[in-house]
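The chains carry the letters A, B and C, assigned in the order they are written, with residues numbered from 1 in each.
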Amino acid sequence: MSPRKTGRSSSRLSLSRRTMLRGLLGGAAVTIGLPALEIFLNDSGTAYADCGTGIPARFGVFYYGNGMIPAQWNPTITGPDYDLPLMLAGLAPVKQHVTVVSGMRVLTTNTSPHGSGPAGLFSGADLVDDTFVGPSIDQVIAAEQATRFQSIEVAVQRSTNSWSMTGPHMVNPPETNPRALFDRIFGGGFSLPGEGMTDPRIGLRISVLDAVTDQSRRLQSRLGYADRQRLDQHLEGIRQLETQLSAPPPDNVLCMRPPEPDADYPDVDGRPQMQAIHRAMSDLLVMAFTCDQTRVFFEMFSQPVNNTLFLDTAAGHHSLTHDEPGDQPQVGEIVQFIIGEYAYLVDKLATTAEGAGTLLDSCAILGTTDVSYGRTHALDEYPILIAGSACDRLRPGWHYRSLTGENASKVCLSLLGAMGIGVTSYGIGAAHTTVGLGDIEGTG
Amino acid sequence: MSRAGRGGLAVVALAASLAGCMANGPGGTDDCVATQPIRSSLVRRLGFARQDPDGISEGFDLDGRVSDRGDATACGRADFVTPEGVPGIDNQIARLVPLVEAQAGGVSLDDILKTAINNGQMLLAIELEDLDDERNDSCVTVQLRPLMGTPSLGTDGLIEIGQTFDAREGGVVSRIEGARLADGVLQAGPAELSLPVTILDASFILHVHDALIRIVIDEEGNFTGAFGGGIDIAEMITVSQSLNVPSALMGAVMLLLNNNADLDRDPGTNLCGQISATLLFESVPAFVYD
Amino acid sequence: MTLATTLATTPAIARGASVLALCLGLAGCASLDTPIAPGAPRPFTELTPAPSGLRRLSAAQYTNSVHDIFGDDIVVPPASRLEPDVDSSGYLSVDSSSVTISRRGVAQYEAAAYDIAAQAMDASRRARFVTCAPVSADDAVCARTALEALGLRLYRRPLTREELDAATGIATASAAALTDFYDGLEFGIALLLQSPSFLFREELGHDIGDGQRAYDGFEMASRMSHFLWNTTPDAELLGDAASGALDDEAGLAAATERMLADPRAEQGAREFAFEWLGLSGLDDLVKDPSVYTQISPEVGPSAREETLSVVAHFFRTGQDARELMTTRETFLDRKLASMYVVRAPREDFGLVTFDEDSPRPGILGHISILALYAHPVSTSPTLRGRFVRERLLCDPIPQPPVGVNTAIPEPSADAPTLRVRLAAHQEIEYCGSCHRRMDGIGLGLEAFDGLGRFRRLENGQPIDASGDLDGHAFEDARELGQVIHDDTRFTGCITRQMYRIATGHIETEGERGTLRELRIAFASGGYSLSQLMESIVMSDGFRRAVPQAEEAP
């Protein structure tokens, strides 16, 4: 066996993944290049050098539900010296890292008030049968990763729902409890160098997984197309688990086992502790990056149509977006709070050292929601934030305003390019694009 | 209802004069036959009627006299006037309560009662029997009955309405027959009341002599009301001793009680043996297991 | 149902139901309620059943199966540590036919498998599963015997030779490595528990000609037990499958009757009610505690238990299901009793009969439904009306239009009640065309606040709960319940949704005939839920399938 066990798994992975992605995208122009792993790893497979060559590019999504109000979100000044309207006020400490893309339009058919936007942005297509027709953008990137976890999904508002999907009906259920997230990443299966010893059971467990794989393959031969796809996903999960079981310990000296978060975050006065949960999860995700346990995450801060009681507001968030009169000051207060939490995550990445810079240097953290103006479920003026330069492949700290309502898929294509994913187009139908958004791309 | 009740205890329409007690309620029936089941209401707030400056207090005219400091029959204790201006209100304990609270280091008797109620130590039901009309009924029996159970509290910190409890075994029950309900206001008494009290670590029966009760019943079936009557000074002292009141404070309490007694004057000694008192309460629909 | 799934749910309900709306538009449907004389020829169209395929176990089915197979004393990881159920279609059972197992789910099922296997092989329990005496750590004969018996239960069919060889191989190799027979057997059991043949129900059918398939005995056993019991087949049912008893009508009927008489059938009835009424959201009920002082974390789960208990009671007693809209009998714990302001039963979830003048219209007056279909600080006649339309009448409401201002006026002196404020929706034609169909019904439930508490006033104004459901006027919620009770769509809608849940798909045009037969059978059985369950099992739609498409659409 090769000394690089992850390498063994990854080559097995990428073939099947490539096939699967082709299938899922329904023959759309997606070409997945050779395993992108080679770009990220040097000969030892783990030691990093410079951002983009040794240090891997990383991707995250921070999503929240219920939209915004364009007049309280869109800066009026473009370029690096952009202003911060009320809803974006929380970005002040990290403004130099965050690019605001305004005026873009999600070009899918707006049939589902809080579903068409995410479907369009994240999967580049309409919702079909209430689900995405292909993987969400984070999973397109995740499919190319050979880290212990291809991706990690979290949700601050307690829910089993997520827009992170590996294919139709294939939701990646999020972790909703910081302790459960800790256990998953830094619990039993995680060891620091010199810490763990070989557990004889691990080899036996891998044998069992191999046997499950055999059974699943045999079963597949008796199934129709849709069910074969479902078992492909099961097989994919088994391979990922085998990767996890055989993953070597991280060799970054900055990697530490973080403190264990609280087991419970009970509601206070009937209101969820969104901030405390988000921050506990953010801290874990940041350390997961440092320890290279994953390079991709998707955070559902809150759900579409959620009626969470935020802060001291007088009604649920979704109700307020429709019923609050005037300039909707309570909606403004909620979105400002949420963007402040996005800024917390960005700041945490920007203040965590890695190589000669910080973790954020290698990241692109997409911040967005499900509609623009919540009250009307609009898909123009779509809110898009990008933090980090993904190793200089993106231009941070900039406000780009589209005056022509450009296709939001352009942003996604630029993001995929920044992540080293060799796709030449993004989106299907009206949302299709073969060009990225040059104004937000960097020099790297 | 719960929001309105969040401040101090407010007694609605206590100003209804005692004279009203004697009138037949409009449309009420006179027969003492029940057509409705017993209605139980659990006291979830209880506290002393306090005096405002200038001699204003809720309460009852217990002795039928409007007394000033020169009224020897009332041992020289001047009566209060209700906020609505009804004179002759006997509630001398209102003078004493804040002094006792201050002497005891700033405790709140109302808070002590609230704690006892909320933790289930002191659950008292006010029950209406022989009802045949929700608003007007000239023949109702009022019963005070101690209950037991673990009450559930709402997010406002008050016992939630509609809960079911057991009757307290061996609990002392007071019954007053012939109460009248007119326009949703019930008046009962005078009668001898035995109030089972459990506060701090002590349990005792507080006897209220010649007690009057007034209850305002709202549309939702919630009660607000008051008990008033005379409390034996000697009994109060015994009770205070059972509460382990420090001896220094005890002396002050005894002095205050004796100085403020206004009822039951002994013609021989010219001393009053009872102090007038009014307790305000709020109660909510509840059920009692048979 | 979570708010997100509320969103995701709508189009599917609309889509599924639109097929039937089409059906109702056909002339033939008008006569659906006329009973057909016994012995009359069946005028129905030929059945085109749904495609066969895999159905993933729900978290409840996983848990129930493990308890049934390994013993009730086995601690199964909580649902939060199993792959979560999905209800994007509005029914977990329907989504079970499309969901897969995520990467996280694979890891969770693996952890659960070893957890359960270790408990099973504990010295106190292993004799249940190992009846032979192992002669050595790697005694293959003994391991094989144990795995064969467990495999039959877990896969709901005999293991193939290949499967049994693999499991035995894993067990003996592991036993050799760990030098302990039972430690090794744990790995064999863990294999069975992680196999797609356990985690998915393989209901593929075999060709019977004309492009159709029939489910074989073991597949029928699995379909029956998961529908009727919400768990795995017991040994007797597997015996029926093996003997061929389930291959003919008489044997199928006998097995169904036995199953419906079994206490586990209540699990099936409860699962039906849970999915039909969309009660999953009660775990995360969001209510503002400053508005609703009686809210507490147990309210949602208790309210759900009440509703499931009532439906289970109807199931047990055979009571006319239409009376779900009028019954005054319910089952309460102390908390719920206080919220209804009635005397609590001595035992939690004991029977309580509301007074004759109770304002509550059966389960439509339950806190579960009234609180779930409402907002955190207020009622929602729209959500409640949509619930009645979609879940009780199978009359779908389209998605709200996008790009319109959705605000309603604030409460004011001119518009103190929600009824007045909502009138705005109805005056604007593109809002009103749908909102009239929802709000008019939902306003009939305005005497119940956003937590389901009865109230007489809203902002000091008396509540007007009168309205009209498609030409049938009602004065209050009780009368609304009676109108629904009398509406033939109600029982048709129960039939249709139970069929969806039983078969795991939204019915297709090709199943119209089956559904009409089921409706008639439901009526002639006095609207007994257990009889409807039996009719569904016996129906061709439940027993037959077409193959799934071989290639991508």
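Just so we're on the same page, a residue touches a chain if its C-beta (ideal position, glycine included) is under 8 Å from a C-beta of that chain, and two chains touch if they have at least 3 such contacts.
What you are looking at is a predicted structure, and each value in this text was computed from that prediction instead of being measured.
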Overall pattern in which the protein chains touch one another (line/ring/star/complete/other): line
Core chain by centroid distance, with centroids computed from Cα atoms only: C
Where chain B and chain C are represented by their mean Cα positions, the distance between them in whole Å: 54
For chain A paired with chain C, centre-to-centre distance based on mean C-alpha positions, whole Å: 32
Chain centre separation (chain A, chain B; CA means) in Å: 64
Multi-partner residues of chain C (each touching 2 or more other chains): 289-290, 295
Junction residues of chain A, two or more chains touched: 269-270
Chain B: positions in contact with at least two other chains: 155
Interfacial residue positions of chain B with respect to chain C in the complex: 2, 152, 154-156, 158, 160-164, 219-220, 285, 287, 289
Contact set on chain C toward chain A in their complex: 2-12, 51, 53-54, 80-81, 83-86, 88-89, 95, 98-107, 110, 114, 162-163, 166-167, 169-170, 173-174, 177-178, 187, 190-191, 194-197, 199-200, 202, 204, 284, 286-290, 295, 297, 375-378, 399-400, 402-408, 410, 547-553
Complex interface listing, chain A residues touching chain C: 23, 26, 65, 110-116, 127, 129-131, 149-150, 153, 158-161, 166, 168-173, 175, 177, 180, 184, 200-201, 203-205, 207-209, 211-212, 214-216, 218-219, 222-227, 229-231, 233-234, 236-238, 240-241, 244, 267, 269-270, 303-309, 314-316, 318-319, 322-325, 375-379
Residues on chain C engaged by chain B in the complex (per definition of touch): 289-290, 292-296, 334-335, 337-344, 346, 456-457
